[in-house]
Amino acid sequence: MSSIAIRNLTKSYGSVQVLHGIDLDIADEEFVVLVGPSGCGKSTLLRMIAGLEDITAGDLHIDGTRMNDVSPQKRDLAMVFQSYALYPHMTVAENMAFSLSLRGKQKSAIEREVGDAARILHLEDYLDRLPKSLSGGQRQRVAMGRAIVRHPKAFLFDEPLSNLDAKLRTHMRAEIKQLHQSLGATSVYVTHDQIEAMTLADRIVVMNAGRVEQVGTPLELFDRPRTRFVAGFIGAPAMNFFEGKVELNEQGKPHTHIGPSPVALPEGMESQAGAIVTVGLRPQHIPVSAASTDGNARVELVEQTGCETNLLLKLAGIDFTVQTRDRLEVNAGDAVNLEFDSRNMHVFDSNSGQRLN
Amino acid sequence: MPKRNIRGLWAGILVAAGAATLAASVPQAALAKDTVRVRFAEYSTKTGPFFKDLAAQFNASQDEIEVVVEHLPWPEMQQQLITDISAGTAPDISHMATRWMAGFAVDGALAPIDDLMSEGFAETFVPTFLDLQKIDGQTWGLPIAASARGMFYNKKLLEQAGVDVPTTWEETLEAAKKISALNDEVYGIGVQGSGLDTEGYWFYSLWTHGGDITDENGRSGFASPAAVAATQNYIDLIEAGVTQPGVLGSNREDLQNLFTAGKLGIVLSGPWLNAQLAEEAPDLEYGIAEIPVATDRATYGVTDTISILADSEVKDSAMKVLEFFFNDENRLAFGKNEGFVPVLKSMANEPYFTEDPNMAVFLDMSPVAKFAPLVPQWEEMAESLKSALAKSYSGDEDPAAALTSAADKMNALLDE
Amino acid sequence: MTRKAKRSALCWLGLSPLLIVVLFPYATMLSTALKRKDEIFQFETTWLPDSLYFGNFIELFANRGFGRALLNSLYISFGATLVSLAVALPAAYALSRLRVPGKGTFRTYLLVTQLISPIVLIVGLFRLFAYLGMINDLNALVFAHSAFYMAFAVWMLQSYFDTIPKDLEEAAWMDGASRLKSFRRVFLPLCLPGIAVTSLFTFVNSWNEYAMSLTILREGSLQTAPVKIAFLTGTLYETEWNIIMAATLVATVPVAIVFASIQSYLIRGLSLGGVK
Amino acid sequence: MEMTQTTPAQASRPQSGARIGRNLTNLVFILPSVLLSLTIIGYPIFEVMRMAVSDVNRFGKIRGFEGLGNFLKVFQDPIFIQSSYQTLIWTVAVVGGTVLIAIPVAIILNEDFHGRSIARTIVLLPWAVSLAMTALVWRFVVNGDFGTLNLALTQLGLPFNNHPWLATAASAFTIEILVGILVSIPFTVTIFLGGLTSIPVTLYEAAAMDGATRWQSLTRITLPMLRPFLQIAIVLNVIYVFNSFPIIWIMTNGGPANGTDILITYVYKQAFAFGKLDVAAAASVLMFLVLLGFSVLYLFMTRQRGAAGQ
């Protein structure tokens, strides 16, 4: 297994630049997830690592060797495609054995490897089938198996679960995680699904518009998103934001307003009075209680998920989402009380989007 | 509910198809006068216009008959005629090769014209040529074109090689050797090995060696000693390397083109080549002599026929058209146009034929002209002969053996 | 970019033997068509004519009626394409979408119609059209060609139709469109590429067809371009190569232009159709 | 030509009387095509069948019943046997050559390169000319003394000054086969290009990741995936080439010494030169049976193989 080092990697199509100098280090045996909205360049980055896209500028090192001009055949990486890209004219066993047979491995060795992979992936009964007779989940497993048998330097995953239904996706997610734990393979995984990113990754790389917004462990990203974009992207339901002007009270403590009511801001913020900031609060971090008659917010919609209740609220013309585990007896139109705790606040510069606290 | 719409769609298709068919089958307006359809094949680019013009003259000259002329290329003529006759859409008068006529007559496609011809008309023809149109005493057509064959030689090449115009096959071989030696791209004599009339080229040698197509018992003469000698004569030329390369790939036109380009010392051909040379190689100096001799003087007489079809409903009118075409003036014009030898007695004394040395030789040879037999299966016999010749010329098979199998085939066909 | 340039060079190099063989006859045609008749058979052959001579082309159109022949060919090819589409479209639709008794038999039947060369059938074909009074009728060729080329059209269209999801039509039915309307408004527009390709195949086949046109159209003014060209070869004692080459060149140009303009469309139509 | 699968929903629906009626109504869709081809092709086929078992004069008039006599005559004709053998060579060589050339050509034309559309158009060009014209032009090209082929070869310094290409059966047949291949390439390349564009790009990417070289992905991905297209190209080309008349007829007329005759030229000669429409009809029927046998066998075999892979 191997480490991957990416230095100032750039990609342009003609005059259009789609990746603007990416720097990233992936350690041996690490599971890194590239996440971001569609069009952010995450798949392009993955395909550049794979060698399927040319590198316009910058360097790619795998195990310390520069790989920019090495063809994908020689990079010894395995990839699981979104469409699985199973060879339709080969059986499951042949699909999995393909790379080994290309390398001229002995038949017995190939059989053993394929057999092992099939056992891990519960595919033993399907080895003689053609891909078209398999279900989506089985095809996905075959695609995994094709990668596993090779013992490559690293696994690359390009949104491998996006074609599966929700339940299967959760299940396969767990399998991939377990597989990684047992194989310890360096993995780069592209997805637009932040749950997948959170659950799978050792580290997450959040990308936006061809740039890396933040690299960190799932909890770092959740707890201390470095930019407003990351804050909004990670976490479900998405973080609530409201804008306000920073004011200092007599004690010199910063606060702002939502409508008429003042809201305390966290202390130690790198911000001057009068600056416009964006304040973020996760729905889980806004305590809510049913109010008698004149609560500060009005309920617009109630969503029950069984375990949690999501409330869509309006407060001084601003939409808020709040999640609570309490069984509140509220209906649309009712008034509720919200509390804003400055300890849970994420404050960003409204212009640059950079974190201020 | 979908049913109705399906019906609508179907009805639409039907209406469209019906309209098209209707438009297609509007009958021709009935004509008060007889329409005579005449079909010609083209000898040269002049043939079509010539007959169109003739038809116009005829139509202008009277009110009872309307001549309509169609013309077809030779290679398609036979197939088209067979197809037409089989479907009953044949013209009233059709041009054809005389060698097809026997088959057509035997299978009842042609009308005998003896009773249709007006008094004295038959006597205007050179008897040899009209006799060729007769089977079992009935006349099945008129000889529209007649040609004899002669030896064309390139004067300059003969001069350069220092040889006289050969008169025997032995002299021809010697002359051809000397001409071939002049230049890599000059060949002594052309020998035809493929395409239309390949067998005719062989007949020159056959008859001048004293052989014939059928013997005195009416059996095949393809394998007679004279026939083998005649074949050996060409094989000797080929083996001596004095012919054009690739005899088996050369058809009549290829030889003519070689002669036109000045690459060929000697070629055996017919009078039409005069017309072609005048147009395409006006500077070429050439002469025409009799076909070289081994034992006998001979030439190949070929006619083409124009016949009235058995299915024609206007045979009398058709005959009138033919008689117009065959009046002295029109025949002379046609003969001059295409370079054919006279078929009418009246033409024989025309200065055009007697004074031009390039035409006179053909006329001189007319008395020794020989003809292909008028048998229904002639085409098939000729095909097997061609095949035997190809095998002999290429050296793939002994000529005697090859010719014997062609003779067997001919005899079998004669017995059918 | 340089990589693509290198690849381009390799591709052209790989194709060059074939391209040379394809273009060679065209060079020959051009060379010969620009020569005078007496320049063709000379002691030394050359590629270039003594001087550029366009008389053959003028002769072709002014005196040989080649323009008329091209129009006849166009009429027949368009007609045959339309008629064969008119019958092949519903048949292919039925094969792809509907329950029809005897589908397998129909498929075998289509194959059987392709197994016999028209040349073999010429006598019967001629008798048929003679009976229908359609000798010397361009429409006879329209029907004959469409009958012979229809089977291929059905195969192409059916395999194309098979790739179009049934949902789309069903959606149209739910929207209240009748079967015919959904066929016309939803289905047909979707299969336009397939129809275009099929039309092209039929058109080209009809444009090039020789034996049937020769037999059924006897009148000079009704001949099609290939037949006209053959007639130029047809005199007994000589072939007018200069005129023939000019004619062949002229007959090629329209089709070549059509190819060039629609070739990407052609291949897209085919790939989606996936002739299977 | 593959059977469309009946969907389970369709299959499980009960066949009520109304449904059967509706199915019959659906016949309306295929009826026009059947009627059109039945009249125009069916009648001539019937004529051929009838003549094949009759004694017929040269104008197709039936003189009597012949039974299998015409077939016997055909089989006793050594030229028929020779032509059959040559037809086999002709068909196998032309179709085989076409496929072998069309595959790499299609693969190259499927690459993204400068001037691709020009190259594609040139490759399709032979399609724009009728076979008869192509054959005619090639007859001129290979003419020994005046043809442009020898002119070009001589200009390249090769000793082909006046080489007679059509003078031996072997050389003439080779030239004819090459021309046959040339004119079959456009159709075949088009079919293959259609097949190639239908192979998803990700398969090649997957193969590259699996370590396949370009050659390996060609032999192990492209070619197997082209198989259905290959099959259809082979079946259709065999039918067309087997029945292809103008090239041989115009270039050599079947000569020299019947060395380039194939069955269709044999039939043509019998019918229109020798006036033996009955023998020609019998030979045509045999040709038809051979092709039918081939098609059925081939389709059956490929379907079997396809089924075995499931």
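When the chains are written out, they are named A, B, C and D in that same order, and each has its own residue count from 1.
Here, a residue touches a chain if its C-beta (ideal position, glycine included) is under 8 Å from a C-beta of that chain, and two chains touch if they have at least 3 such contacts.
Heads up on the chains, UniProt names are A = Sn-glycerol-3-phosphate ABC transporter ATP-binding protein UgpC; B = Sugar ABC transporter substrate-binding protein; C = Carbohydrate ABC transporter permease; D = Sugar ABC transporter permease.
For clarity, every value in this text was computed on a predicted model and none was experimentally measured.
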| item | value |
| --- | --- |
| Neighbouring chains shared between subunit C and subunit D, ordered by label | B |
| Maximum inter-chain contact count - chain pair | C-D |
| Chain whose average C-alpha position is farthest from subunit D's own | A |
| Between subunit A and subunit D, centroid-to-centroid distance (C-alpha), Å | 56 |
| Centre-to-centre distance between subunit C and subunit B (centres being mean Cα positions), rounded to whole Å | 36 |
| Subunit A and subunit B: spacing of chain centres that average the CA atoms, whole Å | 89 |
| Multi-partner residues of subunit D (at least 2 other chains) | 22, 28-29, 32, 60, 145-146, 268, 271, 277 |
| Multi-partner residues of subunit B (at least 2 other chains) | 6, 13, 17, 79, 82, 86, 185, 257-258, 261, 263 |
| Pairs of chains satisfying the touch condition | A-D, B-C, B-D, C-D |
| Residues on subunit B engaged by subunit D in the complex (per definition of touch) | 3, 6-7, 10, 13, 17, 78-79, 82, 85-86, 103-104, 107-109, 184-185, 193-195, 244-250, 254, 257-258, 261, 263, 376-377, 379-380, 383, 386-388, 390-391, 394, 396 |
| Subunit D-facing residues of subunit C, complex | 4-5, 7-8, 11-12, 14-15, 18-19, 21-29, 31-32, 40-41, 45-47, 83, 86-88, 90-91, 93-96, 98-104, 106-107, 109-117, 119-125, 127-128, 143-144, 146-148, 150-152, 154-155, 158-159, 162, 204, 207-211, 226, 229-230, 233, 241, 244-245, 248, 251-252, 255-256, 259-260, 263-264, 266-268, 270-276 |
| Contacting residues of subunit D [partner subunit C, same complex] | 1-4, 6, 10, 19, 22-24, 26-30, 32-34, 36-37, 39-41, 43-48, 60, 101, 104-105, 108-109, 111-134, 136-138, 140-141, 145-149, 151-152, 178, 182, 185, 190-191, 193-198, 228-229, 232, 236, 239, 243-246, 264, 267-268, 271, 277, 280, 284, 287-288, 291-292, 295 |
| Residues of subunit D that touch subunit A when the two form their complex | 200, 202-203, 205-213, 216, 220-221, 224-225, 227, 309-310 |
| Residue ranges of subunit D in contact with subunit B within the complex | 22, 25, 28-29, 31-32, 57-61, 143-146, 161-168, 172, 252-253, 255-259, 268-269, 271-277 |
